[in-house]
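For clarity, chains are labelled A, B, C, D, E and F in written order, and residue numbers in each chain start from 1.
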Amino acid sequence: MSLPRILAIHAHPDDVEIQCAGTLGRLKQLGCEVVVATMTAGDCGSAVLGPDEIAAVRRREAQAAADLLGAKYYCLEFKDLQISHDNESRRRVTELMRKARPDIVLTAPPVDYMSDHEVTSLLVRDAAFNASCPNYKTQQWDPAPATSKIPALYYVDPIEGIDWYGQPIAPEFIVDISETFDLKLKSLACHSSQREWLRQQHGLDEYLDGCRRWSALRGAEIGVAYGEAFRQHRGHPYPHDNVLLKVLNAAGR
Amino acid sequence: MSLPRILAIHAHPDDVEIQCAGTLGRLKQLGCEVVVATMTAGDCGSAVLGPDEIAAVRRREAQAAADLLGAKYYCLEFKDLQISHDNESRRRVTELMRKARPDIVLTAPPVDYMSDHEVTSLLVRDAAFNASCPNYKTQQWDPAPATSKIPALYYVDPIEGIDWYGQPIAPEFIVDISETFDLKLKSLACHSSQREWLRQQHGLDEYLDGCRRWSALRGAEIGVAYGEAFRQHRGHPYPHDNVLLKVLNAAGR
Amino acid sequence: MSLPRILAIHAHPDDVEIQCAGTLGRLKQLGCEVVVATMTAGDCGSAVLGPDEIAAVRRREAQAAADLLGAKYYCLEFKDLQISHDNESRRRVTELMRKARPDIVLTAPPVDYMSDHEVTSLLVRDAAFNASCPNYKTQQWDPAPATSKIPALYYVDPIEGIDWYGQPIAPEFIVDISETFDLKLKSLACHSSQREWLRQQHGLDEYLDGCRRWSALRGAEIGVAYGEAFRQHRGHPYPHDNVLLKVLNAAGR
Amino acid sequence: MSLPRILAIHAHPDDVEIQCAGTLGRLKQLGCEVVVATMTAGDCGSAVLGPDEIAAVRRREAQAAADLLGAKYYCLEFKDLQISHDNESRRRVTELMRKARPDIVLTAPPVDYMSDHEVTSLLVRDAAFNASCPNYKTQQWDPAPATSKIPALYYVDPIEGIDWYGQPIAPEFIVDISETFDLKLKSLACHSSQREWLRQQHGLDEYLDGCRRWSALRGAEIGVAYGEAFRQHRGHPYPHDNVLLKVLNAAGR
Amino acid sequence: MSLPRILAIHAHPDDVEIQCAGTLGRLKQLGCEVVVATMTAGDCGSAVLGPDEIAAVRRREAQAAADLLGAKYYCLEFKDLQISHDNESRRRVTELMRKARPDIVLTAPPVDYMSDHEVTSLLVRDAAFNASCPNYKTQQWDPAPATSKIPALYYVDPIEGIDWYGQPIAPEFIVDISETFDLKLKSLACHSSQREWLRQQHGLDEYLDGCRRWSALRGAEIGVAYGEAFRQHRGHPYPHDNVLLKVLNAAGR
Amino acid sequence: MSLPRILAIHAHPDDVEIQCAGTLGRLKQLGCEVVVATMTAGDCGSAVLGPDEIAAVRRREAQAAADLLGAKYYCLEFKDLQISHDNESRRRVTELMRKARPDIVLTAPPVDYMSDHEVTSLLVRDAAFNASCPNYKTQQWDPAPATSKIPALYYVDPIEGIDWYGQPIAPEFIVDISETFDLKLKSLACHSSQREWLRQQHGLDEYLDGCRRWSALRGAEIGVAYGEAFRQHRGHPYPHDNVLLKVLNAAGR
């Protein structure tokens, strides 16, 4: 099996790192090309700086985190708290899909605590399909060509692994990230502005500790130090085969 | 514990009264400030009057019901059957959240028989979060300042307590409204135009009787005369603590 | 019971035939008037022809299939992969509902592998309700009058009968289509362009065979040769009575 | 020369009557089919009644005036003070053009005291051209076919015959309406609500007198009792020949 | 004659000061209430600072200039180079008109070198009329009531007093601002960021000198040291009487 | 003087060739880089082919004509008869301006017989200015950087050199194209589909002859065989110097 190309896309800077940087680290070790994308630049992530200013800070932080992971970084320049399930948004995410041409996509789960995450999930699911249809146009200046196939699509955990009512959402499978957990934590630490903001906004003062606890919990479910959980989208024409696990397991041998 | 400020917001005039007027009555008795809001003025609620005319009637009815409950009333002036999950709508509901500054929000459930209810639920969930982000702008003339925290968010019952397929949606907890049931019924009776319209449109001729039956059913589940059911939204940064029950129970002692 | 009027509406040309042509055939045999509608003309359904060209081909194929079923055919001229849950879309589907005036509606299920299907489902549910409200305007040139009642609403199977994660979605009931299965297959065979496209795009080379297998599986669940599965929408004001089964059973006697 | 079909379209109910009812009367006498259309139903034309109510009144008044003139009446249901030069508006006016299929169009002048008039003028000019292009689609349910030619297009006077700065806009030619002036005045008198509104709103208390004075002024310019002034749009592919005058003059002989 | 209320509104911070601060100074001396408004906060007015940052600077500068003129200042928060002639924009400007309730409005001319100026002119003309129609709604949270009359409307000079082709646009009348010219220059000097930006962007390094030269030129046309030129909008229902000159002349006696 | 970069942009394929191909030919002979752009692909330019099909034909024709002129060709993919003066359109034309980085722009005149031409003129004027503002964003995937200056802007003739009323619009100056007239005619002849369409649609059967007559008329005004007419936009910050004539005259020596 040739190495798959990977796209990890989530709503805001730091979401990718929180949910799947350990897995990305493992895939990178295997030699996979990795693209990290965020829908927004995180323009609402500050109580002190204005939208442009905090966005500039966070684009730099996201770039630094991607550099650490050996990934190419894109920001799609949506606005925080304004992601909508409309055609302009579909076209933009589809253009990313055609530019990145991934074999495997990791993205936000369809149910989470806020619309930015949930709508991102829908848009990425749509785009993974739409990108392969040559008659679907993205209205960009130099549009990338249609992809040749639909990628395998995976949803990461919602925050805290719960649904709207606080009930756990069971993962389908868990990836052992014990080896790359340090890298994950370092990549997360790149988002220093967000750590500050969350402390002020939500009274959560333990950006890295929370990440460690959650990763340890998911790891414990499969008897390893640290883990990250996923569910695969297996709608009709999407690959039903779990290529992500196959790649990781093949490497383990 | 100081008394929480309450916002009850649902799609149409009478929805708040049907689903949670008894609970609002109890909170008001405790001394809480209560705000009632409807997304629309109910402009499609008539087979006889035109949109403007029936809306004028129903704004008055909603105001009368709110007066009875000792609540301030706002109509957000969306249009019946036209509530959409877009950014203009998010901004308007967020502005309400910033004006009302509630500690507790009661709103429509995410799954119900029609889009007006479901989209209201999504918009209110979004707004409860967005209101606390200073960089999120509502584009109103004299916008209220960002809120200082995310309120506790509760979903009322869907109509008939069922999902799309007629299956029951189990409530998380039920509030005993036996003492305030009469008030609830009186507040509902303020919506006399709607009683007429439902009779003609859906062949349901028992506006008040239906409300009584449903409240009695919910009450029976906890062994009291009348009850109203709720589920709390416990997504990541929303309060996980059931402050609504705490306030009501503290009062009971 | 007088014979009900039937509307079957799904996203793309061939979706109706795949999911419910056998049931439509039985209803037609009973003497029901049947209307088939597709949201789009299938403009993305080709890797070779441009949008206009393939749409022209597929409108003709859909018309041929409807002719075979003895149904009137409408195309609502949405665009493939661009169906959105907004008010312009609601109005257009509501206008169809008012023109077709069905007693029974068969449509896409709320959870399926792609947005075109899921949003169609939401729009049809909205339209079935909205059509009956005289104050709801569709902004068409010669708008049809409001309907006199909300029709009974049924969801067909998602493709492969699965949810996003590949888990089966249990049907509520299954219709025996053994007698009309040949007609169903013939009507599906009218969509020859789609058969080609699916072969190239998704590597699925067995348009008719897949349909036969799926219909046989659903049939086996009730011990007949071929079947089609449905779930009824039983939200508050929608008919809760299973009129579809009643009509079919009455005929069976 | 066979008799031309006539379309007179202006922004609000009463604009057509004020500016060209005398000419329409003459054309009708000759046997021409006449269509009168208003962009809006005049929903802002009252300080007392709400939008729906005054619109209902004014649709009836416009219909009565059209009946008097022997004309078919259409209201395009734009909203007062909200006419915009966008594609949805172009499509709607184009659909009218294709339904009415006029040989001669009389419409608002490109410069007048308010946007509703000026934008109507632009939209009608656009529509007269667009209607003849088969590939231009109006997105209506049962769209009329493309027209076979571009009609001759005429602009009526701006109100008071002046530009924004109060300077006279010279007409190109004036039609003698002495014979039909009584009819014009009667048709104008049908708009009784507007007479009331203008009196209250603008302090202009002489609806019919003002019309008489203006018509007399225009008449005096060509030495007759009453006249109406026009300018012909002679952009590239529009008929350059003054067919309106030809028809009227031929009749005079 | 009681003192009129004045509204001066132009596209960007500094446009009002350049074109009519001398006249505003004279009106203020007479005791008139003056409101200054800008459509945008000038977010594109820098080659160094980002949109939010330069907008914050320029809001402060505009406020300082208004303070100097004794005027209340509003920013309508449109975006530079994005002002459009659509209904959302009309509503926002109409709301200003209803809040400021002016007797006299000074605004941008209909022909100038760029769309922001020209579209502002159209929107203000529309709003002056629309504000007086009670049925016209602005969709703001606490909308101001409709005005009781249409204000007298004046257009200031285009930049350089020329049309698109460099031809002079003759003013209708010129106001002697010799006494208040120093104030005008000081108010203009408040916009220090803009002075910098223009120097870099357009190679015009003489913000105040240019203003002095232009004011002197306009003054010379009526034989005074400094002047500002205007044209009055005299469309149908707008005041035709030159109340601005009357007020100033009455004061001169 | 170093050689200027040229951008000629008009609404539809063939408009550039009709109005300024002779001038482009002369500029190309001097060694200037030339970019030709059309707003649309001409999708309404056929009574026989559908939109996609005729657009494909006309893109090829426009490319062939540009090849003949030694120019790079862009199509901005607006739709025929749908060009609007809105922000999405402004952004797209601004992106072209930033990609082409012209010193001289030739475009449609502000007054012509149809909106596509007039709105193109406005959008290009806007874009020439907007492109130089770094804070103005075009929302493209890989946006070109802001330009360093505003280009000199020229309007070509309206069709037939007339305004809406058939009155001549006097040119500011005329370029002698006698030497390059053959090239102009050949480039126009590339648009063979349009020649056919105009013959059917407007009864104008003399595509090349009309062009020859018009060029000869303009030439006669300055005493040469063939000419093309222009007016320069001299709004405030646009170059007031006639660099186009300077380049051509310098070359003549």
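We take it that a contact is a pair of C-beta atoms (placed from the backbone, for glycine too) under 8 Å apart; a residue touches a chain by one contact, two chains touch by 3 or more.
Nothing here was measured: the structure is a model prediction, and the numbers come from that model.
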{"item": "Co-neighbours of chain B and chain A - touch as defined", "value": "C, E"}
{"item": "Chains touching both chain C and chain E, listed by label", "value": "A, B, D, F"}
{"item": "Of all other chains, the one whose Cα centre sits farthest from chain D", "value": "A"}
{"item": "Interface residue identity across copies chain C, chain F - same or different by half", "value": "same"}
{"item": "Over-half contact-pair match to A-B, picked out of the listed pairs D-E, B-E or C-F", "value": "D-E"}
{"item": "Chain whose Cα centroid lies at the greatest distance from that of chain E", "value": "C"}
{"item": "Interface with more contacting C-beta pairs, comparing A-F to D-F", "value": "D-F"}
{"item": "Rounded Å distance between chain A and chain C, as computed from the means of their C-alpha atoms", "value": "35"}
{"item": "Averaged-CA centre spacing for the pair chain D and chain B, given as whole angstrom", "value": "49"}
{"item": "Of all residues in chain B, the ones touching two or more other chains", "value": "50-51, 85-86"}
{"item": "Every chain pair in contact, whichever chains are involved", "value": "A-B, A-C, A-E, A-F, B-C, B-D, B-E, C-D, C-F, D-E, D-F, E-F"}
{"item": "List of chain E residues in touch with chain B within their complex", "value": "77, 95, 99, 139-142"}
{"item": "In the complex with chain B, residue positions of chain D that touch it", "value": "50-53, 56"}
{"item": "Touching residues (chain side chain E, partner chain D) in the complex", "value": "85-87, 90, 110, 122, 125-126, 129-130, 132-136, 150, 172, 231-238, 240"}
{"item": "Residues of chain C touching chain A in the complex", "value": "43-47, 50-51, 54, 80-82, 84-86, 112-115, 158-160, 162, 164-166, 201-202, 204"}
